[in-house]
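Down below are the structures I want you to see.
Note that chain A is present in both complexes that follow, paired respectively with chain B and with chain C.
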Partner chain A sequence: MSRSGRWILCAYLVYLVLPLYWLFSMAISSNADIVGEFNAFPAAPTLANFAEIFSNPVWYQAFGNSLTYVFINTLISLAVAIPAAYAFSRYRFLGDKQLFFWLLTNRMAPPAVFLLPFFQLYSAIGLFDTPLAVALAHCLFTVPLSVWILEGFFSGVPTELDEMAQLDGHSFGYFFLRVFLPINRGAIGVTLFFCFMFSWVELLLARTLSGAEAKPIVVVMTRTVSASGLDWGVLAAAGVLTVLPGVLVVWFVRKDLVKGFALGRVS
Partner chain B sequence: MSYKPQNNRAWLGVLPVLLIVAFSAVVPLMTVINYSVQDILDFNTRFFVGFEWYVQTLNDERFIEAFGRQLAFSFTVLALEIPLGIAVARGIPKNSRLTPLILIVLALPLLIPWNVVGTIWQIFARSDIGLLGVAINAMGISYNYTSEPLHAWLTLVAMDVWHWTSLVALLAFAGLTAIPQPYYQAAELDGASSWQVLRYVELPRLRGVLIIAVLLRLMDSFMIYTEPFVLTGGGPGNTTTFLSQYLATMAVGQFDLGPAAAFSVIYFLFILLFCWLFYQSVVKRDEETP
Partner chain C sequence: MLELNDVRLPGASVAFAHTFAAGEISVVLGANQSGKTDLCRLIAGLPTRASGAVRIDGEPVVAGPRHRPVAMVYQAFINYPNLTVAENIASPLKARRRAQAEIAAAVHELAAKLGLEHLLQRQPAELSGGQQQRLAIARALAKDARVLLLDEPLVNLDFKLREALQTELRALLKASDTVVVYTTSDPRDAFALGDEVVLLSSGEKLQAGAPIAVYTNPSSLAAMQLLSDPGVNLFERDGHTHAVRPEHLRVSTDGELSFDLRVTANETNGDESFVHGVVEERDWVVRTRGMLEALPGDVLRLSARHDDVRRFT
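Moving on, here comes the complex of A and B:
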């Protein structure tokens, strides 16, 4: 590949890493060092900020809350999206194209539009301030996205596979659970990554649908900024911790990642 | 594309998705439309007002300003992110030991919670404690994004480029790896320059993924809320208040149910228009390539 391309890539990676470096550098500095004299490298590295987070229940419970709703959301999304994606990829049926388009429109709906009705809906059925409410609300964009990605992957699996299983006398259930899903492990991994990605990073709905009990980590962080003012070190440490789950997930799906980013449509 | 048999029982497979989306999208959307045509004083006193809120919203100066800012922002970041994303993708080695590592680093910004992205840029760009802010000021340029609208804009755009160019780059890279090697060999035999390879070999084959990239970025930049909320809070003044933020203030801050609902419907319809164009182009492509 061309030389200039390499340079652009390198320059971009530096641009990408610098803010992350700064976040990390602040996370291991004391607040006095941060607001004191400017240092490009941490003057006296310390883990005190992380200790503060792990000893304060507000912080680690918020972490738990976030992981809970992301987990529930991913489960629901996969459970409903897998059969639907299979149906879309294998059959034509009344209104299939329209339905698929309509599903996509939900991915395009700005969360801010749904703010008010969600608030009232979940209050009315008593789910307000539970992780389940946030998980269901996030289904608004994770379910259409999951169907979309999975359909792309499933369409790439030859239908001969389905026919072979039938000829071998396997029931549909056996074929689907023991043959089809294992083959599509990668696709499911990528979908999981996307559900995680969009549910973990969202703030607006998560903030609106949670009160004191189910406060997610992203909300605790914004409140720390406005309330206690400026404990930059703890804020940065919390930021570093919210990056970690993403790194773990991306590590697990690294092989299928690129294919997934093309939403399964590049083969 | 292989032949698909007609089978209406496939509806059974789609049913769970329909139920969950009905609950999380249809019911709320109906509520919004219902509100948008009523004047709601409290929950027992409401009047039908027809399209009054729509007319009011479309004539609302703050709405029009926010809309204009939104368009300017979305097109600025698109104009930067798409070419930069393609350029970055072209620089990624295809079969090197470094490839997975580069891809993971590129994916990082996409996995960071949006408010943390705001926070990262806040501490990175502040003129008192931020690496970037201090560096720029040290070069003799007075830079302070909390008081200067132009600086706030530049910082927001830099942040969005940082946050989302990776998505374009990863998509484009996925598209590039799908181009068969003989295409490149043929181009080399013809003595094509790097620029000609891009123009005549790569770009036509990237069309599909680029459509996805452009429209995903257009939609998502149109919905942007969290990052400016954390970084600038919409300020200084209203100079970085985009549509979502204005809407959130209206709906949750002031509880103006009717106008906020009309706003929502207009907002959603506009995005729907993009979505329809997108779907049309994807369907067309599927029909072209058997």
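Moving on, here comes the complex of A and C:
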């Protein structure tokens, strides 16, 4: 690689990493240091901000709430989308293409459109302010997305494989769980990643459908700015902790992601 | 014994019946879209546009593919990509809950037969095309079914592998009293493998019988065409269409019948030559031994024996 190419890459890396570094640097600084003089490195590193988060129920419960609804959402999305995508990829039925397209159109509306109906509906049936409410609302977006991603991968698996399992004498359940799902691990990894990411970072529905009880972390972060003035350090620490689950998910599905993003080029 | 009755393949105007004998290899020969795959799927009980009644050893078969005594090898190399070679071969035995020791013994026996012993712990993706299809055949044999269907199993292999596997297949498949149905579009497979050949055209059965008998006595022009590669040469005499095979023409002047061929192309592979040309305004091809010196524009005098010419009405 040429010298200038290397420099451009390095500059790009700095550009990508700088905000993360700054966030981390703030998270281990005191408020006085943050608003004081400019420092490239924290003058007096401290873990007080993290301690505050792990000792204050407003913070750690918010993390718990977020993780709960993200988990429920991912679980429902995969549980519903895997059979649906299989059906779309394997069977021709009346209106299958229209149904598939209709699923996708759900994804085209901005979440804000659904705020009012969801709020009203959930209030009426007592679902308001629960992690389940947020998880279900997010399903409206993650399920179509999941079906769409999975259908592409499932269609890449030849139907003959399904038939061969039958000819070998295996039940459908055996084939599906022991053959079909394992060979689509990459696809499921990618789908899981997208569901998680959507649900974890989504703010609008999460804020509207939760009150005091099920308040998610993204909401607590935005409210802290206005409520308690400028607690920069704690806010930055919360930011660091919010980035972590995403990193963890990517870490665990990284091999499948590589395969999955290759989109069928790896058989 | 596999009896088919009232079989209607897609695109066919008439139904047909056929009985495949146990312990014999029946080669179903037909061009693309002639209904070979639909025939296999009908026998296997898989979804198909074909319809018909299937009886195996006299018993009507109506069960789904899972409960039929039928094994199948597809044209594409279909194996379980997430299982090893050994697990793939064991799959049909496992489905029938055979004892571990019995499965292990069968796997080793089949792997040895198909030359896969040293590959048992590999995944199908790590095998060559030929090995993948051997694996598919091993798994089909492991089921030890009454009927074994091979749907153009060698088409996706390269030339040399195909020849090698073809010879092995005959020995392998003849060793049992299974009904073997082997579909192909290559007439050579019929001679190399078949105890019987069934000619299929546009979903209709043209003729069936021992390959040599069908070759020497084709019942129709279509049947003769199907069992000839390259195609037969046609000419008109006394208001009837006559046909002669490319290999029955000789470049000489002293035959019972003579033709003048105006050469348009000449392909040779050293061992054989195919001379293309025009006779009586029809496209002909002549197959001769060795190299033949003929340039486009040349006129060759061809001769044929009366016995080699078929007359069709």
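In this text, the second predicted complex is superposed on the first by the 247 of 267 C-alpha atoms of A that agree within 3 Å, B and C clash if a C-alpha of one lies under 4 Å from a C-alpha of the other, contacts with A are read in each partner's own complex, and residues count from 1 in each chain.
Just so we're on the same page, contacts are C-beta pairs under 8 Å (C-beta built on N, C-alpha and C of every residue); 3 or more make two chains touch, one makes a residue touch a chain.
Here the structure is a predicted model, which is why all the values come from computation and not from measurement.
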{"item": "Clash or fit (per the criteria above) of chain B with chain C on chain A", "value": "fit"}
{"item": "Contacts of A:161 with chain B and chain C, given as first, second, both or neither", "value": "second"}
{"item": "First, second, both or neither for A:56, with chain B first and chain C second", "value": "neither"}
{"item": "First (chain B), second (chain C), both or neither touched by A:197", "value": "first"}
{"item": "Chain A residues touched - chain C or chain B, whichever exceeds", "value": "B"}
{"item": "Vertex chain A, arms to chain B and chain C (CA centres, degrees, nearest 10)", "value": "90"}
{"item": "Chain B versus chain C as contact partner of A:123, first or second or both or neither", "value": "neither"}
{"item": "First, second, both or neither for A:183, with chain B first and chain C second", "value": "second"}
{"item": "Shortest span in Å between Cα atoms of chain B and of chain C, once chain A is used as the common reference", "value": "8"}
{"item": "Those residues of chain A which chain B touches in one complex and chain C touches in the other", "value": "158, 267"}
{"item": "Contacting residues of chain A [partner chain B, same complex]", "value": "1-2, 4-10, 12-13, 15-23, 26, 34-35, 38, 40, 76, 79-81, 83-84, 86-88, 90-94, 96-97, 99, 101, 103-121, 136-137, 139-140, 143-144, 147, 155, 158-159, 196-197, 200-204, 208, 217-218, 221-222, 225, 232, 235-236, 239, 242-243, 245-247, 249-251, 254-255, 257-259, 261-263, 265-267"}
{"item": "Touch list for chain B against partner chain A, complex", "value": "1-2, 4-14, 16-21, 23-25, 27-29, 31-32, 35, 84, 87-88, 90-94, 100, 102-116, 119-121, 123-124, 128-132, 134, 162, 165-167, 169-171, 173-175, 177-178, 194, 208-209, 212, 219, 222-223, 225-226, 229-230, 243-245, 247-248, 251-252, 257, 260-261, 264-265, 267-268, 271-272, 274-276, 278-279, 283"}
{"item": "Contacting residues of chain C [partner chain A, same complex]", "value": "44, 46, 64-68, 70-72, 74, 76, 78, 80-83, 91-92, 95-96, 125, 139, 143"}
{"item": "Chain C-facing residues of chain A, complex", "value": "158, 160-161, 163-171, 174, 179, 182-183, 267"}
